[in-house]
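Pasting the structures here.
Here chain A shows up in two complexes: once beside chain B, once beside chain C.
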Partner chain A sequence: MLAALRTVIRRDLLLALRNKSDAANTLLFFVIVASLFPLGVGPEPALLRGIAPGVVWVAALLASMLALARLFAADYADGTLEQLALAPQPLAALVAAKILAHWLVSGLPLVLIAPLLGLQFDLSGTALLTLMVSLLIGTPVLSLLGAIGAALTLGLRASGVLVPLIVLPLTVPVLVFGAGAVEAAAAGLGAEAQLSLLAAFLLVSAALSPWAAAAAIRIALE
Partner chain B sequence: MNWFKYSSPQTFYPLAGRMVPLFFALAALFAIPGLYIGFFVAPTDAQQGESYRIIFIHVPAAWMSMFIYVVMAFWAGVGLAFNTRLSSMMASALAPTGALMTFIALWTGSLWGKPTWGTWWVWDARLTAELILLFLYFGFMALQAAIDDPRRADKAGAVLALVGVINIPIITFSVQWWNTLHQGASVSLTRSPTMAATMLTGMLVMALAFWMYSIAASLLRARSIILERERNADWVREWREAAP
Partner chain C sequence: MLEARELEATRGGATLFSGLAFTLRPGALLRVSGANGSGKTSLLRVLCGLAQPSAGQVRWNGESIGALGEEYRRQLAYVGHANALKDELTVAENLEAICALAGLDTTPASVRAAIGQFGLGGRELLPVKLLSQGQRRRAALARLALSEAAPLWILDEPFAALDADAVDRVQSAAGAHLARGGMIVLTTHQEARIEARSATDINLDR
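So, the complex of A and B:
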């Protein structure tokens, strides 16, 4: 069982490593979207500090939506997903491994580059740290919820627009508490409450969404 | 009586046909006294004046918007678990009515907010949650519309509806979570209501009217969905030949 999970993770990471531009594009999209906001709203540092948590979080949200297209689509097209569904290991566990690998490739880089964007928006040290921690807890939730949407839309014509349409409403609590944590930290208040709620979302979605995504994959494969 | 007799589209179709006018009549029966109480009997509010009267539309619509999502998720879940076609059709039939109720709640809330709060829209917890509910309905309908195979559309929609139903408790508890501009719930089962009895009566009667309308409209839509899906079945052909 563990060997199978390790194999799935290693395979997906290796595939991502052989095709570096995919992951790099997501990261680049994140940076560009966040960098457009100062151009749109003006360069006043006070204003930028105010909108920074929301802007960085929304940019991360959009970037992770874009990355979802890669989660199952290639495996669905070449039949790998069917083999995974036939494997003796439970599909939900294999899907969880795929989601973890996907997050390592597309979510973790966002967390690591976020402080740089925070600096552009003149955030303080504690706010930067909170931004990183909130993204570290929050982006896996985005990958977990997004996996359901990616699995539901497998093989559909308009899946590119459809995935954000059905997943984004579900990610609202993550955005509210993720950006809220950074705002609280920037205002000098403790962010523990928001971060704890984010962690609760992570635990609940980690427990439930691999099952939902596995069910959705079986529906798509029928 | 065997309830499962009506779980097949063929037997449900004529039953629904008889129930639609009945529930439309019930909706009118409740709406007439409900609106009369709302506009003529209920006293003018001391602080909000006459503008509060929109709650006789707003509150029932908001209740129905959340309730229909739960019912829709229930039927979708039944369809997914027991592979019953009619349950999934019922879920698909409920979605547009639910979206309509959500839209009415947002629209009338906005009309009420302008004279009372001085703004058409505030980013308050309950308004935002209602807006997200509207997005969830749209997502459900968009997903089902994008899938050509009706069986897959049913099942995929069911998974999405069950995932989305997590949003309903968030709506209910969001008042306590964020607690901003929007007033707290005025109607509660555990303590006495803070509004005049006639206002409450009018609202409850209107809620019944909305409920009956929702049942009638979804049954009507379910009939269309049955006809569309079963158009090649023998019973539909016989029914069409028998019909004038």
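So, the complex of A and C:
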């Protein structure tokens, strides 16, 4: 079983490495969207500091939606998903491995580049650190929830638009507490409460969403 | 032993086949023929467990494949319409990944031998996107050379896009599998010359 999970992760990472533009597009989208706000609302430091947590988090949310369409679609088209469903391992475990690989390629880079974007908004050191931590806990939740949407829309023509429509409403709590954590840290308050809630979201979605996505994939394959 | 009992499949409200029954014993070959759209692929997907029959049951050694789940899938090597190959990966990388997923042990040497057996020797390190349609099919079928441990092979149009040489190679691999007691279900439009102790034909047109 572990060997199969390793195979799934290694193959998806190798594919991302051979197709670097996909991961780069997500990252560039994140940077550009977050950079448009200072240009649009003007260089007032207090205003920028105020909107920074929400803007960076919304940009991360949109960027991760952009990457979701790729999660299962290629595997569905080329028959790989059939082979995953026929493998002698629980499909949910293989799906979880795919989600992990997807997050490593499309979520983790957002976490790593976020402090640079935070600097544009004149965030303090603790706020930057909290931003990174909140994204580190929050972006896997986005990948996990997104996997359900991506699996549900397999084989549909308008899946590129449908996935965000299905997934974005589900991500509202993540956005509220993710941005809330950064706001609390910027205001000099503790962010532990928000981060704990984010961690709880992560645990629940990690336990449930691979099963839901696997069930949706089996339906799509039938 | 693979058994089908009173299988029925429908698509879009139309019945593709019904009352289909057969028993496949070790060393036996089942050829499924029929016109386009007659339900050959649907039957194969039902036999794999990818799709549910609208009536009837598929049994493996007396137990329903739904109840066996992973245990049944471990006995199975399925090569579908789609090749399940990744364009950006090399032939060898693709093959290693497919076999590892199916729980089959491979070594670099066994993978190279399998690729050679299907006439792609020397192309192990070529990305699949540089292969022709027929070569891709060969690469997808090369996993059969590594699937000795899986007794039941289910092959959907294995000869599509293949030249005469490749058809011979697939037929001899299939013959060897039957000779060691394996079972094969395949769909085809052409005459397959596979040496089998017992062969059954099902025509879905009737």
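Some notes on this structure:
The rule is simple: the second predicted complex is superposed on the first by the 222 of 222 C-alpha atoms of A that agree within 3 Å, B and C clash if a C-alpha of one lies under 4 Å from a C-alpha of the other, contacts with A are read in each partner's own complex, and residues count from 1 in each chain.
Note that in this section a residue touches a chain if its C-beta (ideal position, glycine included) is under 8 Å from a C-beta of that chain, and two chains touch if they have at least 3 such contacts.
The structure presented is a predicted model; accordingly, all values stated were derived computationally and were not measured.
In the superposition on chain A, A:I32 makes contact with neither chain B nor chain C. With both structures placed on the common chain, the touch criterion links A:L165 to chain B but leaves chain C unconnected. Touch criterion met: A:A212 reaches chain B, while chain C stays clear of it.
By the touch criterion stated above, A:Q83 is placed in contact with chain C alone, chain B being left untouched. Once the two complexes are overlaid on the shared chain, A:R11 sits against chain C while remaining clear of chain B. When both complexes are overlaid on chain A, the residue A:E222 reaches chain B and chain C alike. Touch criterion met: A:T153 reaches chain B, while chain C stays clear of it. Under the contact criterion defined above, the residues of chain A that touch both chain B in one complex and chain C in the other are 222.
Within the complex formed with chain C, the residues of chain A that make contact are 3-4, 6-8, 10-11, 14-15, 18-19, 77-80, 82-90, 94, 221-222.
Residues 145, 148, 152-153, 156-159, 162, 165-166, 168-170, 172-173, 209, 212, 215-216, 219-220, 222 of chain A are the ones touching chain B in the complex. Residue ranges on chain B touching chain A, taken from their complex, read 128, 132, 135-136, 138-140, 142-143, 146-147, 151-152, 155-156, 159-160, 162-164, 166-167, 170.
Of all residues in chain C, those touching chain A in their complex are 45, 48-52, 70-71, 73-74, 76, 78, 80-86, 88-89, 93, 96-98, 100-103, 127.
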